[in-house]
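What follows is a pair of complexes built around chain A, which joins chain B in one and chain C in the other.
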Partner chain A sequence: MPDLRNRPGLGVAPLVLGGTTALLMLGWAVGANAPETSVLSEFPQALVDGIKFGLIVATGAIGLSLIFGTTKMINFAHGELITLGAIVAWYFQSIGLPLWLAALVAVVAGAGFGGALELGLWRPLRKRRTGLFQLLIISLGLSLAVRHIYLIVFGGASKAYSAFRVQDSWNFWGVSMTPRDLGIMVTAVLVVSGTAWMIHSTPIGQAMRAVADNRDLAEASGISVKRVILVVWMMGSGLAAVGGVLLGLDGSVSWDMGFAILMVVFAAVILGGLGKSNGALVGALAIGLVSQLSTLFSPPELRIFWALLALMVVLLVRPQGILGSRNATRIG
Partner chain B sequence: MDVLIDALRTALGPQAALYALAAVGLNLHYGYTGMLNFGQVGFMLVGAYGIAIGVSTFGWPLWAALILTIVAAVGYALLLGLPTVRLRADYLAITTLAAGEAMRLLFRSHSTEEVTGGVFGLTRFANEFYELNPIPRGRYGFGNLVFSHQTLWVMIVGWVLAVAAALLVWRLAKSPWGRVALSIREDEEVVRSAGKSVVSIKIQSLVLGGVMGAGAGAVLAISQQAVAPDAFIPEVTFFAYAAVILGGVGRAWGPLVGAVMFWFLISVFDSGIRALADTGAMPDQLFSADALGAYRFVLVGFGLMALMIFRPQGIFGDRNEMVLGDH
Partner chain C sequence: MTKKETAMTEPRPDVLVVDELVAGYVSGVDIIRGASLSVAPGELVGVIGPNGAGKSTFMKAMFGLAPVRGGSIRLDGEDIVGRAPSDLVARGVAYVPQTNNVFPSMTIEENLRMGLYQQRHRWAERFDAVTAMLPFLAARRRTRAGLLSGGERQMVALGRALMTEPKVLLLDEPSAGLSPINQGDSFERVMQINAQGVTIVMVEQNAQRCLEIVHRGYVLDQGCNAYAGTGRELLGDPKVVELYLGSLSRSSRT
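Let's turn to the complex of A and B:
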């Protein structure tokens, strides 16, 4: 059970900040002293790439975790919400809008789609008392259908955002980074910390945590659970859209990009403890680091493989995740 | 008429047979034990590559490769099951889906190319199987519905395996083991308080259904004389789910009927889409080479949703049997 007494943010912020700083210092120390072109000299670059990838994954993972926290349903169509953001932003920037504005449109469209799904699909299904298994298969069917609608409408080829395609990179301490990379990371940090602030410090955020903690109690205390769940769906989908734009900016936009990253998002959410939004951030950073650091000793196409392997190991030794509580996951 | 004959050929052919076999295993997981396995394709991959690697890479005879396949499938099921069956139902769903994808990524990687053949996979490892074919060379069937002697041989073996698997599930469901499995599906707590081990029954079910999935993979590999990693995308599992649900969840013979119905419908639908594309009434962009193959997935996706919303027990299932996960 998520716990309100356990003031979120207080325990996690130092952990994330401290851990990241320590790793960066280690990376710098190793990278600065290592001979050229050895595995160690590539370490700082992999570290920075890992943090960037982790931050992108976090925008998707936090949304998924919020939705799970309040509805207890894992949304297998979350990857398609990520893709939606990327595709909508691509479309609007291709007709001449600046990317930031196109991204904003994409977030609004994402939130709108999420809200529509809640109102048109999930709320009526909850009213019918549809079982958990059915809900999971329904979200899977939705994912399958929507993903292939993207394929039909958007086409099978990958497309890149026209802005920021080629940039000169800065080189420092053995790390090369483009302004675009920095922009991705800063945006992700701002969005993630803004979300964390909202969850922890606003009335609607408090209501979300109350519903996640004990739905009946929240309802009895006068919280409109329906409204909270609607807000969570819109917020989670909007966050996923941000993740999609950042992911598209980092690489390219394609019809199955969200589904390709979905497993990594799941891994992040489980690693951090299902339903814990701050856990999702920790989990995402950990998964991002695992996948990028794996490139130091194994071929890059196996990045995702290592991330998924990490998920299996975590499930084996600590199924409740890094921050999760034990009784939330076990059923016996 | 040609459309219907094409559809019938698909619905009876090796592909439907192997999906039926995979779906029987999935039905054992989902319909009988209440386990949401979203990665049946992972078992199929293990089965297909077990045969291919055994024969092509190691140079073993077919029977030895078959044993390798079964051992590998059991190992894979234990690897997946032991960490997850104690957890909430959705963990198994995520883990099985993730593991299937992880296997595909591993098998298509450069680093495993010497064993798996990388992106291109392996070919020509089933000659021994076709040499065993007792059917005289020729073409068999009625009217336009004909199969070559080789296809017919794979078909017969595939359907015999699928029927045998369904028979096994049918017998198991009537046994004490099956009654415990069914009660796990209904309410784990009750089973636990009766002193039965939920974990061991679930693991046994996962292993048995997984071996059936691996058998389906082996039939796939043999029928095409080729395996490639990208044939094992997650969508394969969802097709098998569609077959299970169409035929009736928790019905021993359901997956067989479901697989035939599924491939019949898919084939008719694909012909319809192609006919629509040929009329030129719709913008060409919607019928590009990429798009043309995508429609069936849209159909399956919405079809799964509609079935789960309106008839979660499947077309021929019993409603009272099948209100799952409703705690």
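Let's turn to the complex of A and C:
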């Protein structure tokens, strides 16, 4: 049995879990004792909504971060990978599949699309030594093109999943939550923790970190970098598809939903520390909490503004992000 | 089997034979212009030469990391030109680059695991064997490589490369960037590892120290073999001393 103590990154899991639990307890303590009408009585609800939003963002952010880490490329088409999951799942549930099965199909389709992009586009471009800036612009173009294909195929209207449309909500300690909300959060937690476990404890996950850390040395160690990058694209796109389904479940499905949330996903990745998969999770939770908690004292329309403001403040203090290391590639 | 009879005292066939290698990065510019080298099992072979002579390029070409334009590289008699590094690792070649030779955000143990990525079933056995040679690695196995000093990192890099039990180990300047004391340790380590039976080709800028410990040495200058011989022969050659070892030795001559 491998001894897991002190594995880098694993220390983050207790931190996130502990921090979230502490916040929730604080929330309930405040909420339960606050007068009915005060702002504070809304605190527990905002907290839970923030965690839910953060978890959804995390499924998109982890994939984006993995892709950046291993290829150093900034993928502006990641939003479209999120939308793809939502749309595919919507289609299959509309023809009668149960939602969980439709979601599974969406994840497989997402992973397949990510893999096809890598094989048909990114790998040939890398082989021709296309610069990172050029790749960024190409991904912007791809985002635009794919988004408008969605518009044509799916139409401009927002559509909701037919399952779980209206539900009775449970109320406890001032928080109202529907079974759908709970399902979203549990799914996200399972997917995110499964991914974190994979990255830290399986050989392919370690190879992903090795490629992100020092690509040439990974190659020189006998790791097939090409294969690792293909797996990363499939995994990242599959995760984005999960994010899309959850996002669609939380609100509704539309042709530009992924694009609309892309900025937040980027913010989460940068806030947590570029290229660190745990960073993406921490960053996403922070963004989710800040944006929802801000609704306690400012109009909800401004919640993303507050989240991005928090990002700027954090980056001024810690330019490398919350978990990022400044000297990751110290030379010598 | 090639029937290659040389004047060598040991009749064992060479593990690695490089013949008239031509290599370079940009088309039209050859960095290596007909360099040769051979290594017998168990040997410690050194390649010295001034800055920019192409020593690192020579190593990279042998390991499939720099394009080869001519000549041949034979591993156990089989031509390996054009093979990918992962293929060479599978065939028993290991390579430690001159710089950036660890995975900084991974622990020492994880660095070693990456070295054995292709043969993960041998982990326990190889971990014990490598840490027996480099006990430091076992003692600090949970430390991230990025937090280590230059000398300690060099040990991680060596350990990672040794994990596959390579037939031949290519070391690019193991003493580069180390303090004089650490440099001494580094040469000592290379000797010890060689004494355990590991075949090594080592590139060094510290020519004097290198020639003192190697069985045979090659002097590379401007991409060609300038001199070759046993370490002692080269150290005793007035021309080599004057051009490459003395205080007058400079970067380049024509």
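We adopt the following convention: the second predicted complex is superposed on the first by the 318 of 332 C-alpha atoms of A that agree within 3 Å, B and C clash if a C-alpha of one lies under 4 Å from a C-alpha of the other, contacts with A are read in each partner's own complex, and residues count from 1 in each chain.
Keep this in mind: contacts are C-beta pairs under 8 Å (C-beta built on N, C-alpha and C of every residue); 3 or more make two chains touch, one makes a residue touch a chain.
All of these numbers come straight from a predicted model, not from anything done at the bench.
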First, second, both or neither for A:Leu217, with chain B first and chain C second: second
Greater residue coverage of chain A in the superposed arrangement, chain B or chain C: B
Touched partner set for A:Leu311, first chain B, second chain C, both or neither: first
First (chain B), second (chain C), both or neither touched by A:Ile95: neither
Residues of chain A at both interfaces, chain B in one complex, chain C in the other: 329-332
Residue ranges of chain C touching chain A (in the complex, touch as defined): 63, 65, 85-86, 89-90, 95, 97, 99-107, 110, 113-115, 117-118, 120, 142, 144, 146, 150, 160, 164, 177
Residues of chain B defined as touching chain A within the complex: 30, 34, 36, 38, 79, 82-84, 86-91, 93-95, 97-99, 101-102, 105-106, 108-111, 188-189, 192, 198, 235, 238, 241, 245, 285-286, 288-291, 294-295, 297-298, 300-305, 308-309, 312, 323-327
Chain A residues touching chain C - in the complex, by the definition given at the top: 5-8, 203, 206-207, 209-210, 213-214, 216-224, 325, 327-332
Residues of chain A that touch chain B when the two form their complex: 74, 76, 125, 128-138, 140-149, 151-153, 155-156, 263, 266-267, 270, 298-299, 301-302, 304-305, 308-309, 311-312, 315-316, 319, 329-332
